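Dropping the structure in here first, questions after.
Naming follows writing order (A, B, C, D, E and F), and every chain is counted from residue 1.
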Amino acid sequence: MPIVQIDLLEGRTVEQKRELVTKVTEAISESVNCSKDNVTIILRDMPTHHLAKAGVLKCDE
Amino acid sequence: MPIVQIDLLEGRTVEQKRELVTKVTEAISESVNCSKDNVTIILRDMPTHHLAKAGVLKCDE
Amino acid sequence: MPIVQIDLLEGRTVEQKRELVTKVTEAISESVNCSKDNVTIILRDMPTHHLAKAGVLKCDE
Amino acid sequence: MPIVQIDLLEGRTVEQKRELVTKVTEAISESVNCSKDNVTIILRDMPTHHLAKAGVLKCDE
Amino acid sequence: MPIVQIDLLEGRTVEQKRELVTKVTEAISESVNCSKDNVTIILRDMPTHHLAKAGVLKCDE
Amino acid sequence: MPIVQIDLLEGRTVEQKRELVTKVTEAISESVNCSKDNVTIILRDMPTHHLAKAGVLKCDE
């Protein structure tokens, strides 16, 4: 029953997100030995002014 | 002090969300014996290309 | 497909948590018109030194 | 390696968010003795119909 | 800068978790075209009385 | 009404966590102009085998 939340910078295409959930589900299913049917993934887009590293917004890097 | 985060598929009306937070707050208050005043709920809408089950995006089902 | 995360102060019994997930699932199913089968709930216990309101830890209140 | 998620009511300016991540990063770095470089912050805006206290949506207060 | 949170049922070995983070990082890096260095993963173990599907705790299934 | 979740490596003292929530609450209150009373902070400890950067568990670095 792995529940996955992935926050990533906005701008990726639906096609990239399609590949992302397929590959991440496979990776989880193989490594922790669970059925793919049990994997739930939530994606969240982040604008660059909503992510900061070392106190600096991504949009200001 | 329960803090609740609910990710749900987009498309629900404000009226449905009004009923949702009222009923969920009641359910929590009754079952874990806490004041309704202490319950905080965050709702997040998910587009169908941001939720996946068994490696398949909701929009592709 | 609502995915729910509930952080609550530790100390509740399994019986209370059993009632909590049953009632919250019902509340969600009724209000946003989705099947109970589609509701996933994650519970997380918080010790009182891991929750703060107004800058004060719960254990210091 | 602190990872911080801050959900806040929408309406703040990028300038306020710039100050927010700078000050929160400093506060964390000073108090738990870690390098600022290791602090990651995710911000999420909440519309007033996506936050509820005591079972009442913010937009209905 | 993908930030990933994975809640999974407790009981997996450190070796399984080692493989999990390696494979998930690869999956993300390949699909959304970002450097592996930028992928952060948080794992959280769930006891079976902290996960519910369709209103039923995992431990009661 | 900012709701803050901070995942940090385990090992910090309650005293450090006390200072952490005080300083983070101040930082938020000052920068986004909200009352300290409205700031809620959840802390979560991460063992080093539950945090990964670039596909490598912290405990393996």
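The criterion applied here is as follows: a contact is a pair of C-beta atoms (placed from the backbone, for glycine too) under 8 Å apart; a residue touches a chain by one contact, two chains touch by 3 or more.
Values in this document were obtained by computation on a predicted structure and should not be read as measured data.
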| item | value |
| --- | --- |
| Chains touching both chain E and chain F, listed by label | C, D |
| Higher-contact pair (C-beta pairs counted), B-F versus A-B | A-B |
| Rounded Å distance, chain A centre to chain F centre (Cα mean) | 21 |
| Residue numbers of chain E (touch at least two other chains) | 1, 3, 7, 17, 22, 24, 26, 40, 42, 44, 46, 51, 53 |
| Chain pairs in mutual contact under the definition given at the outset | A-B, A-C, A-D, A-E, B-C, B-D, B-F, C-E, C-F, D-E, D-F, E-F |
| Chain A partner contacts - residues on chain B that touch it in the complex | 7, 44, 46, 49-57, 59-60 |
| Parts of chain D lying in touch with chain E, wherever the complex brings them together | 1, 3, 40, 42 |
| Chain C-facing residues of chain B, complex | 1-9, 12, 16-17, 19-20, 22-24, 26-28, 30-34, 46, 51, 53, 58 |
| Footprint of chain A on chain D - complex, ascending | 14, 17-18, 21-22, 24-26, 35-45 |
